[in-house]
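Here come two complexes built around subunit A, the first alongside subunit B, the second alongside subunit C.
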Partner chain A sequence: MEETKKDPPQFFKVTIDNITVEVAPGTSILNAARSIGGDVAPPAMCYYSKLEGSGGKCRTCLVEVAAGSTADPRPMPKLVASCRTNVMDGMIVKNITSEKVIDARKHIVEFLLLNHPLDCPICDQAGECSLQDLSYGHGDIGTRYEFQRRLFEREDIGPYIQLHMTRCILCYRCTYVADQLTDKRVHGILDRGEHAEISTYISKAIDNDFSGNMIDVCPVGALTDRTFRFKNRVWFLKPLDAHRDCDKCCGKVTLWNRGEEVYRVTSRKDKWGEVESYDGKPGWICNTCRFEKKKTSDWIIEGPRKISRQSVISAGHYVGVKKPNEIFSAVHDGRKPRLLMDIHKVSEINEPHIELSRIEGPATGAVFNNGSNQQAE
Partner chain B sequence: MQSLTNRSEPVVRKPMTWLEKLYLPGILKGMMITFSHIFKKTPTIRYPEQKRAFSQVFRGLHVLNRDEEGRERCTACGLCAVACPAEAITMEAAERQKGEENLYREEKYAAKYEVNMLRCIFCGLCEEACPKDAVYLSETFAPPNYGRKGFIYGKEDLLIPNPITEPEAYAKAKGADAPTTK
Partner chain C sequence: MGIKLLLANDHIEGIRFYDAYRKNGGYSAAEKALKLAAGDIVEEVKKSGLRGRGGAGFPTGLKWSFLAKPEGVPRYLVCNADESEPGTFKDRYLMEFIPHLLIEGMIIASYALGSNRAYIYIRGEYAWIVDILEQAIAEANQNGFLGKNILGTGFDCQIYVQRGAGAYICGEETALIESLEGKRGNPRIKPPFPAVKGLWDSPTVVNNVETLAAVVPIMNMGGTEYARIGVGKSTGTKLISACGNINKPGVYEIDMTISVEEFIYSDEYCGGIANGKQLKACIPGGSSVPILPANLLLKTAKGEPRMMNYESLSDGGFATGSMMGSGGFEVLDEDQCIVRHTLSLARFYHHESCGQCSPCREGTGWMKRILHNIEYGKGKMSDIDLLWDIQRNIEGNTICPLGDAAAWPVAAAIRHFRDEFEWHVLNPEDCLKSNYGIGRYAEPLETA
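This part shows the complex of A and B:
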């Protein structure tokens, strides 16, 4: 520390997993690793680069520092949280090349899953959940925990947001959103340690204009969109980049469509699962864009959103398909093939008079069985 | 050319003998083999009066399973549909309301569930994908039909009878070797 103060170099050289990069002083190891990208970047559940003060809670980004700096090349005695540790000149970091890190991460995942219910089949976050990815990539197959998990009643915090406290991993991202984006925070962490839970104080409703961004920053399915609840699975929807002129926010969003129906509106997420930035400003979106503009005509569609090939969301979405020419009519003197059955006449699914995107909350049995869209509007 | 096995024999191309040219001995020899089968056990059965037991791993029509309390197991998670290579399965989910706890096991359930048996290739991937033990391929196959409309199976066609209110129909639907709900 003393030497850097005397002669601050322009860039620090860091070696992460045998790859050397130059980063500005004051950069965290995590961000230095992200500038390399790929597998070198440690996973992060609580750190969110667009939220000041986030990080240091989940411990999934632990790395081994094999040499502290050129001036003091002693290794750090314990694994350090890379989101909270800044780089030093000549630092040597081991992430995936260190067995200690891989082993520690496996047990961190086990800890995170101690109280996390296995209700992915019900959870609306499934398919885009950071914890799912993390446990799939770094976790163990089984758990050694054999006690009752924490139980909470699910809670409606405000008209649009559904809180499932059982799924929460206490990353605190949502409280930072409330502190930094909205004018007043009405929810936070109550109690401590084992009993800690996110809640509003005496069920106060969250109705700030940017409160919906909590849904996007939540790495698990603890905070989900009530207007999208149980409507469809994300991997059956078609993500589209769209924008509109909004006086409150940037208006750049991802629409999740099924046919012409807009099922859900989210902000655009980059490869680290964080909201994309425009002109150096994070592209948070307001609640009007997120919850109230559920018509395709409200939006100017830019095109399909690029989803990582590894994601289940891209399953069945084919890119760059060249369809062969229809030769039937050419060889049959212009006669069209005879349609033996129109599936839409037989199938009871996706019926035109049931517009799920217009229903405010989740669909109920009455929506389907009465044959009319009674809960709409 | 080198032969693949040591059992190959060269084709005999020498002209037929007088006895072979008569053909009759050859025909008689063949008929003897045919007639001898009259006295052997018949390998065929008279379907549809007689039916053979299905193999244990036979993959037939789907059933939607219930749990031991008669509640529907399916939560409309969509894993069967995303696993389906023929894209035969579609569904729509609904939230369980207060008072419906005896009908549905979890807080979300499939309000509509359809399998297009014309598309289905009976590969069993849906059964493997199901995290809730809800969908099974039974040991029956789709009855033939002149129209195509009858092959779109809705939830009322797929759902297994309730083991508590209709135990006989449930036992029949389950079959002898069908997996138990427990």
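This part shows the complex of A and C:
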């Protein structure tokens, strides 16, 4: 991600889906693909560039390496996790141009959704859920799983966060947050395999100042804000950029308002769903900013937050809509579209010689056909 | 009578203890090795062509030479004694009866790699072997083969025994390292490989018990001499733990020149199928390698007799071959149900999946449930294709080889015994009572 300025600039050329980019050595394939953007960037459920050691677990970002490097142009035998594989000079990567990758990804989505309850209608994450986007973009219709899905009890971990383990896809992001942002980590993964769950050790409350960031990094609705639960749908809220002076964190947040009321406060997320960086530091926010400053007067509002046009959150907001200035005839430029014809002139139904009130029973097309009018009369 | 190197002295009474072991030529390899330069030992092991005995069969000398040697960073040798593969128990035998062989091998390997601390990560269930090993280490310490300044060479080495907590996944080398560090035993994402960044971020070599023990005869007889035993790239001797429906289950040392047929039927080894039954199928290398029906087991697809070595067992790829694996030789007779057998393996892998990456975590449970349905007469014909599809999507898409290990047995069972699966679906009531039967599996393969 960050280019090293000390060394003489040396770049690796990497070709992803026939697009060649130059990136600094040590960049992962995923980040190289993100620098191209668009569909070339593989989806990532567990990788989070601001959390050290994350990635490699969900396997949605698998790509095919058609040539390892200029020096060793052999293809890699297996699909590799692009988030944890670094680029080499002359590497050729196939993402959406590889049928193998698309097929594998489709089934990874199926695996991820296997034990997911799909309770989106009652889930607070709906509308900003990475898993929703992923299954929409890469998944298959329906599932072939016919068994009981795994269930867990809901658990309150601390006064602010609720854990809904049933929805969890075990991306491990929140444990990295707990590990790297907070001191005295009290939560992690218990058990193994299908029974693995995020939990606190002996039902401890998480009350660290930065624990709220777990909600932001959670790609699904497993960790939700208790102060926001069931209050509102995210797409009814208006995101606003705001800041305040905070001695613990950067204080740069997104307020989610409805009218004047602040429903929730989150950190600012970039287009990959990660928190934005300020001066090279990730913009994590503290719990005071997140949970306790719920008045507009607490904040200095900068302006509306830009949300991707594709997101359901921006639906109905009509941001950037252009009204046409020209009159109709100028727009039509001599053409006469049929849509604008007089419906009374072409429709037999409206012919005045048929007395509609005299038709018995349900009217059919035959009633209005030429010559069959007598039946009605 | 085959050549015996590792188990040559296992019949001697008291070989478990230092005195008897020393009297029978023990620790002479260590004495010899410590006079050599470290690089020479690695060369000798390279010359011997010794391949990792844990399952993957990676050349040991090559693995040792890959070890990064940065200045001022300690290097570690870790012995993988977390032998949890169903059907494999060769390491247990070695550690239980000739623990000094492992200790001696570890001393030589530590010297060759320049590691002053070596660890034996032993399976938690082998609780009594921990005591045996610790006693052997104490004896080696007393006699100056461990500790400070071994044999006056100035080389310090200490071996520690660490018990696992009973997870199969901790036999994977990076998960083992994580567990050894006191963390949750999740496999790491490679690269970096342990040879560069292993235990406590230091270069580490992880070797199987048998591999390290085999270093002793290599030092005793020399690498080139050792390489003469066996065929081609399968040099030396291999311990095979035979189990299942055979007359003489147990641990056997073979020199990889005998055929599978000889191994199963000769009195020196397995002694034939128990109760006069017929051979149906066999897993030749521990539960995770593909199962082979009798016709393909005894003869390769080309019609040549299949030998007990790395190349011959994997002849034909996974379509008609299998793998040497860890040497867990499981024999199934005509009364065994393949679906039930596959179910028990799938249940094992479901139970032992670490839950880190999604295909393995979700897929193993799904396969287990479908197999359970088929076995108990609730299966559908489409389930067989679904199983095939699931295993195809697990294999190769996971972080560690456990995903592959879970997928291969299911794949092989469907590949070779699809008619048995179909019979289970079509005869839901009969499959609870009886077995499909031997069918064509005992017939020699007819090749065009």
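Here are a few things to note about the model shown:
Keep this in mind: the second predicted complex is superposed on the first by the 310 of 377 C-alpha atoms of A that agree within 3 Å, B and C clash if a C-alpha of one lies under 4 Å from a C-alpha of the other, contacts with A are read in each partner's own complex, and residues count from 1 in each chain.
Definition applied: contacts are C-beta pairs under 8 Å (C-beta built on N, C-alpha and C of every residue); 3 or more make two chains touch, one makes a residue touch a chain.
Please read these numbers as outputs of a predicted model, since none were measured by experiment.
Contacts of A:V312 after superposition on the shared chain: subunit B is touched, whereas subunit C is not. Of the two partner chains, subunit C is the only one that A:Y145 touches; subunit B does not reach it.
With both structures placed on the common chain, the touch criterion links A:A126 to subunit B but leaves subunit C unconnected. Using the contact criterion defined above for the overlaid structures, shared-chain residue A:N232 touches subunit B, although it does not reach subunit C. In the superposition on chain A, no contact is made by A:A330 with either subunit B or subunit C. With both structures placed on the common chain, the touch criterion links A:P362 to subunit B but leaves subunit C unconnected.
In the superposition on chain A, contact is made by A:G188 with subunit C only, not with subunit B. Applying the stated contact rule after C-alpha superposition, one finds that A:A104 touches subunit C and leaves subunit B untouched.
Across the superposed pair, subunit B and subunit C touch subunit A at no common residue.
Chain contact summary for the complex, subunit C toward subunit A: residues 167, 169, 184, 189, 350-359, 361-366, 369, 386, 389, 393, 396-399. In the complex of the two chains, the subunit A residues touching subunit B come out as 119-122, 126, 229-233, 235-236, 312, 315-316, 340-341, 343, 346-350, 356, 361-365, 367-369. Note for the complex: subunit A touches subunit C at residues 55-59, 62, 77-79, 81, 84, 104, 107-108, 110-112, 114-115, 144-145, 147, 169-170, 172, 188-189, 191-196. Against subunit A, in their complex, subunit B makes its touches with residues 75-79, 81-82, 87, 90-95, 97, 100, 106-108, 111-112, 114, 116, 131-132, 148-149, 152, 154.
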